[in-house]
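Chain IDs A, B, C and D follow the sequence of writing; residue 1 opens each chain.
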Amino acid sequence: MNRHRKAVAPWVPYLFVAPFLITFALFTVYPLFQSIVLTTQQTIGPGFERYVGADNFRNILSDPKFWIAVKNTLLFASASVAIQMPLALGLALLMNQPWLRGRSFYRLAVFSPALVGSVFVGIMSAIVFQARTGMLNRSLHALFNFNPDFPWLSTYLMPAMIIATLWMWTGFNMIYFLAALQNVEKELVDSASIDGAGTWQRFLHVTLPAIRPVAGYVTLISLIASLQVFELPYLMLSRLNSGPENRGLTVVMYLYQTGFNVGDLGYASAIGWILALLLIFLSILYRRMSRDERT
Amino acid sequence: MIGALPASLLALCVVSMLCTALVIARDKQEHKGLVYWSFAREHLRAYVQQTESWNKQNPDLPVHLTYVSEQALTDRMMGSFFAGTPSADMIEMNQGPNVNVWRGPDEATGFRDLAPLLRRDGLIDKINPPSLSPWTRQGRIYGLPHDVHPVLLCYRADIVEAAGINVDELTTWDKFFEALAPLCGDLDGDGYSDRHVLEMPETTHFMLVIMVDQAGGMLIDDYDRVHMNSPAVANVLAKLASWAAREDKLTADIPVFTAAAAQPLLKGQALSWLCPDWRVANMYDMAPGLAGKVKLMPLPAWEEGGRRTSVLGGTMLGLPKVTRGGAETAEAAWQFARNLYFSKETAEYLFRETGIITPIKDYWTLPVFDEKSDFFCGQRFGRMYIEQAPNVPIRSSSPYLHQCCEELLSAYTRLISYAQEHDARDMESLQSEAARLLDIAAKNVQLAVDRGTFEEGEK
Amino acid sequence: MASVTLENLFKNYGDAKRPNVALKGIDLEIRDREFMVLVGPSGCGKSTTLRVIAGLEDLTSGRVIIDGQEMNHVLPRDRDIAMVFQNYALYPHMSVYENMAFALKMRRFPADEIRSRVESAAKALDITSYLHRKPHTLSGGQMQRVALGRAIVRSPRVFLFDEPLSNLDAKARVSMRTEIVKLHDRLQATMIYVTHDQVEAMTMGDRICVMNEGKIVQVDEPLNIYNRPVNMFVAAFIGSPQINFIKGRIVSEEGRSCFVEQNDDADALRFDIGEQLSLRMEAHRGKTLVLGVRPEDIYDQRRCTATQPTSQQFARVEISEPMGPETYLYLNTGAHPLIARVRSNDRYQTNEQLQFRMDLAKLHFFDAESGLAL
Amino acid sequence: MRPFRKASLLLGISQTMTYVLLTLASLVTLAPFYWLAVAAFKNKEDFFAYNFLPPGEGLFGVAWERLSLGNFTRIFTELDFANNILNSVFLASTTAVLSTITAAMGGYALARFEFRGRNLVLAVVLTALVIPAPLLLAPSYQLLYHLNLLDSYAGLLLPAVAPAFGVFLFRQTMLNSVPPSLIESARIDGCGELRTFFTIVLPLVRPMLGAYLMISFLGTWNNFINPQIILQDAEKFPLSVALASLQTAYRSEYGMITAGTLVSIAPVALLFLLLQKEFIRGLTSGAVKE
C-alpha cells in the first residue's frame, strides 16, 4: 500500500490538544470518574467510605429536602429565563434603533452588573434586600409607600433571587440579542414592510425567525447556568442557611452542603449526577430541536 | 512573530510575568512552630500577651495566631479533616453549622478527645458543666469551652420605663408581651407598624432556638434521638407565632447579627432583644447610640418560676489529630491551649473587650465582673450574666442538630402563615398545628438520621 | 518548470466500511509549461485532485510525481508549488506587501531580494499603489491580483488555481481571465487550473481535463472537446447554451435513412439524415440512441444559405432572448423543446411558427444506454 | 401633509419612549453601584441610616463632612489588601493567559485537524460543559491532596488551565472565522504549524481571544470557592477571599466590604473598558453565525 503522507505530521494535532487534554483529563475527567465511584458510597470525607450500592439514589428520591431543592431550582431557572429572555430582547430592540444616541453608554450601563461577579452580587443582595434598612425596600417605601418590612429574605426569597439574577445577567444576554439583531438582513425587513407588514408583524415574521438560532443558544446557556445556580444564594443567605423552609435551597447548594458540610461525598455526587443527567438531556433536546429546524 | 499577537494578550502576559516575579520574590513566612486558627479577631487580640510570653519561653515552638474567617475556617478545617491532611495545631471554632465535625465514630472525628487530658491535669471540675455540652459527644470531650454565653434580655429602658412599666414584675413572657404591647404600633402613620415588643427574626433560627432551649425543649440528644416534636417546643412555637401573626405584630423580623440590625434597635423598632453576653460588644461597636438607653434583665420565663436564661453560640478550642509536627508538638499544643483557656488574664481581657464571661468557675469572683457599666445605665451586667451562668441549658452535639434548627425555623414560618390565615389568638388550634408541623419536621430529620450508616454502630 | 504526473490516484474520505470515494483512479500527465484546466460539476473530484497535488490532502493510493520525483511523502511547503484559492486566502491582518512577502520570509530570503521580487510582481500585476493597504480595503478583483502576486513572487515549479475567479463579478472575471492567460504566456510555467465554468475552461486551457464522479472523462484540447465529446456528459457540460438531446432511432424508410424521434406524439421529429450519415450510422440502425445538436447548428430556414445537407422541421417560438449579436430561441416542436442560437438579424414573435433546419454534418449521436459517442 | 405629520408625531413619541425606557433601565442597573460607591465612604453609623448620601448642611444638602476615606485606609492598613490585590492580579492574569492559549490551541485542533480520537475528545468536552462544577469539587480536592498541591498556586492554576467551555468557544470561533484555505495557504507558503497558529490563526480569532481573556480573567478574579478551599496560607489569598472574610462572627465590616468591593471592581472595569469592543464581538462570534 502506498500511503500518501498527510499535509501535516500526524503528531501535530496532538501537539495542539495536548496542553488542554492532559490537564483536562487529570483535573476534569479523572475526578468525574471518581465521582461516579463515589455515588455508590457513603463517606465522611475522603477518609471514611462505605459501599452502599444504589442506596444513595434511593435515599435521594425519598428525601423531601432534595425535592424542595429541585422545585426551587426549576422555579428559579424557568422564571429567570422566562423573564430574562423577553427583557433582554426588548432592551436589545430598543437599543437597535438606528437613530439612537448614546448607545454605547446604555449598553455599558445595562451590561455592567455582569462584571461584578456573583460573589459580590450575593453579598450585596444580602444587604440590598434587607427589610427596612435595605436599599430596595427603603427606595420602594419612599417612592410608593411600599411595606418597609417586606420580607424579601424570608417569604419572598425566590423572587429576590430572581431579581438579583435578572439584574446581573439581563444586560449580558442583551449583548447577544443586539448582535443578532444587527445581523438580521435589512433587505428582509424592508421587503416585509413593502409587503405591508406592520411593525409587530415584521418583528414576528422576519426579525424573530432570523434571531432564533441565537435566541435558542442564549436560552440554553442561561437555562443550564441557572439550573446550576449556587454562589448567589450561598452568599446571599451567607452560607449554610438555606432560608426558612429551605426557600433558598437549590440543587447545587444541597450538593455542596451534603458534600462539604456533612462530608458525604457519595450523596453529593449522586445529587450531582442526577442534575448532570438532566442537563445532558436538556442539551440533547436542544440539539435535536435546532437540527430539526435546520432541515 | 510576536507582532502579530493581539496587544491584550501581550499586555496580560507581561502583567502575569511581572506578578509571578513579585510573588516568587515575596518573603515566605515560615510556619515553624504551632499554628493557631481563630475565626474572631477579637479573641486573638486577647491572646497576644499570653502568646508573646509563650514564644519567649519556647523559641523552638512559637505560636502563630492566625485569623481565618468563619466560612473559610469551616471549609478548610472540614476539608483537612475529610482528607486527613494537617491544618492547624489549634483551632478555635464557633458552634453552629459545623456540627458535622461530630459525624461518625471517634476515628472519623478530626479533633482529639481531651477528656483524658482534662482528667489527668485535674481541670475538668473547674469548668461550668453546661458549657462543655456542645463539645461533648457520647462521653468524649473534643474541645475546651471558651465561654458560657448566657442570655439576658436587653430592653429600651428609656421607652419602657418612661411608660411607667416595672420590668421586675414581668416574670413570664406572657406578662412581658401584655405589658409592652400598648407601646407598639404604627408611630409615623404610614400604615406599617414600626414598634414591636421583641426582636424575633423570621429568617434565621438562632433566636428561636434560644427560646426553645430556655423552655427546656431539647431538639435532638447526643445519641441522635429526635425530640423536637415535644409539647414544650410546640408551646413555644405557638406563642411566638401568635405574637408574630397578630394584626399588631408584636415581634420584629429584624436581620439580626448584621450591622443592619443596629439601625432598627436605635430607632426603637424593637423594644427588647435577646442578648447573649457576646452581643454586648456588638452593641458597643454597632450601636454606640444606645448607651444609657438600655438595660438588661433576666429572660421572662415560659412558666412562672421557670428558667430565666438560655444560651446561644459558643466557641471551643480543639486540637486536630493530624498536625504537621505530629506527636512531638501535640503535647505542646495542649500546654498552650490549657494555659490560654485557664488563664485569669484572658478571662479578664475577654470580658472587658467583648463582654464574654469565662466558663472557669474560679474566676467568676473577679472584681471586673462587678464593675458598673455606663452603657447599661449603671448596671453591673457582668454579675448579672454570671448569676445565670450555671443555669444555661444543656445542648446537644448531634451532627443533625443543625438540620433540626432549620426544620424548626421552617415549622415556625409555616405556623406564622397558618396563624395569619386563621385566628392568631386561638392558642389551642395553634398548638395542635405546631405539633403537627413539628411531627413533620421530626420525620424529616429522622430520615436523615436513618440514612447515616456510620452512626449505626453507636446506637 | 515542471511536468506533473498523476498515477492511479484513489482517495477515500470514508473508511473501508462506509466508503466515500472522491477519486477513483485518476491518471493524468500534465506537460511542462502546460496550462491544464480541470473542469467538471461540483463534487467531481477536481478540487480534491488539485489538493492532492498540493499535498494538502493525503491519498488512499496512487502516486503524485512532479518532475520525475515522487511527491507522496513531501510536505506541501517542500513541493515548490504555489496555490491560488477561491476566497483569495489573504492573511487579513497583514498588508498586501506582507502577504506577498510572507512565503519568501518563511524561506529566509534576504530582505532586498524579497523587496525586489515583491515590487516587480506588484508592477506586473499593477498593484503597486496599494502595497501597504490591508486586504479588507480591496475589491475582489484587487484581492485576487494580490493572491496571484503572492504566487508569482515564489516562482514555483507549478501553479495551482482552485476556482480563483468564481467569487468575482462578471466584469472582473473576464479581465482576470485574460490576465492569467497573459501571465502564463509570460512566465511559461506549468499551471493547473480548477473551475466549474466551461467558458473559463475553453478560453484558458491548453488542454482541458473533464472530470465526473471521481474519474477523468476526457482530456483534450478545448476545440476537440467541444467538437468531439466522448460522451453525453462532456457534450452537455461544455457549450452554452447547452446541447439539445433528442432520443430516437434511425430507421429505413423508402430506402432512405431517417431519424425518428422516440415519441408517440404526432409532432415527433422525423427527418432524412442523408447519405453520408446514413453510411456512418449503418451499424446502429434500429437501436435507441440520442441525437445531440448544438444550438448554433440549428438555423432559421429563411436565413439558411448552407450548402451542406440539412434537415427541415417546424417549431413554435416560445421565447426569444436577444443577446446582442445573436439571439437564443427557445423553440417547441410540439414534442419537445429545443434551443437554437441564431443571428440577431431578424425579430421573432412569441408563438410564431418557424421552419428550422439542422446541420446534418454537425449532428452527434450517442448510445442511449452508455452515453458514449458513436 | 397631514398623515406625514401624524407619522412624525408617532415617531417622536416612540423615540421619547425609547429614551425613557432605556434611561430607566440604566438607572435600575446603576443604582446599586451608586449605593455601593456612596456606602464605601460612609461611617458605620450612617451605613444603614441613610439609603444614599447622609443629608446635612453642605452642598446639595449633603453632609459631606460625614463621608471619609476611612474605610479605604482601613482595608489597606488593617488588612493585607495590597498583597491580596497582587495575588488576585497574579492569579487572574496568569490563568487568563494560560487558559486562553490552551483553549485556543485545543479549539483549533478540534476545529481544523482530523485525528484519531477527535470525536471522543469533542464528546467529552461537550459533556463536561454541563457538569455542575461543585460535583468535581470533592474528588478534585482529593486529587490535589494526593498530588501535594493543596495550599499552592499550582493547585489553583492547573485545574483552571483546562476549561472545557473555552475549548468549546474557540472551536466554534475557529469554525466560523478561520477559513481552511488560509491555513493551507500558510502551509504551502512554508510556514510551520506552530508558527501558523501564532501568526495566522490567533490574529484571526482576535475578538474571541479578547473576549476569552476577559471571561477567564473575570472568572478567576471573582472566583472565591476554589481559593477558599484550596489555599490555607493567608498570604496567598486573593481579593475575593479576603473580602468575604470581612464578614466575621461578631460583626460584618460592611464599610470595609463595600470599600474593598469598589477597589476590586476597578481593575476589571478598567480591563473591560479596554477590551469592550473585542469582548462584545468575541462573545457573539461563537453564537451568532451558524
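In this text, a residue touches a chain if its C-beta (ideal position, glycine included) is under 8 Å from a C-beta of that chain, and two chains touch if they have at least 3 such contacts.
Just so it is clear, the structure is predicted and the values come from calculations on it, not from any experiment.
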item	value
Chain separated most widely from chain A, comparing mean CA positions	C
Pair sharing more residue contacts (C-beta pairs) when A-D is set against B-D	A-D
Rounded Å distance, chain A centre to chain C centre (Cα mean)	55
Between chain A and chain D, centroid-to-centroid distance (C-alpha), Å	16
Distance from chain B to chain A - Cα centre to Cα centre, in angstrom	35
Residue list for chain C, restricted to those that touch at least two other chains	56, 75-76, 93
Multi-partner residues of chain A (at least 2 other chains)	7-8, 46, 127, 133, 260, 265
Sites on chain B at which at least two other chains make contact	4, 71, 75, 79, 82-83, 258, 260, 263
In the complex, chain A residues that touch chain D	7-10, 12-17, 19-24, 26-32, 34-35, 38, 46, 91, 94-95, 97, 99-100, 105-110, 112-113, 115-120, 123-124, 127-128, 133, 135, 138-139, 142, 167, 171, 175-176, 179-180, 183, 213-214, 217-218, 224, 228, 230-231, 235, 238, 252, 255-256, 259-260, 265, 268-269, 272-273, 275-276, 279-280, 282-283
Contact set on chain B toward chain D in their complex	1, 4-6, 8-9, 12-13, 15-16, 19-20, 22-23, 26, 29, 31, 39-42, 66-72, 75-76, 79, 82-83, 85, 87, 94, 258-260, 262-263, 278, 281-282, 285-286, 288-289, 354
Chain B partner contacts - residues on chain D that touch it in the complex	44-45, 47-49, 83, 86-87, 89-90, 93-94, 96-97, 100, 141-142, 145, 150, 153, 195, 198-200, 202-203, 206, 209-210, 213, 217, 228-229, 232-235, 241, 244-252, 254, 274-275, 278
Interface residues, chain C side, partner chain D - complex	51, 54, 56, 75-79, 81-83, 85-87, 89, 91-93, 102-103, 106-107, 150, 162
Residues of chain A touching chain B in the complex	42-48, 50, 52, 59, 62-65, 126-127, 130-134, 141, 145, 147-149, 151, 153-155, 239-246, 260-263, 265, 267
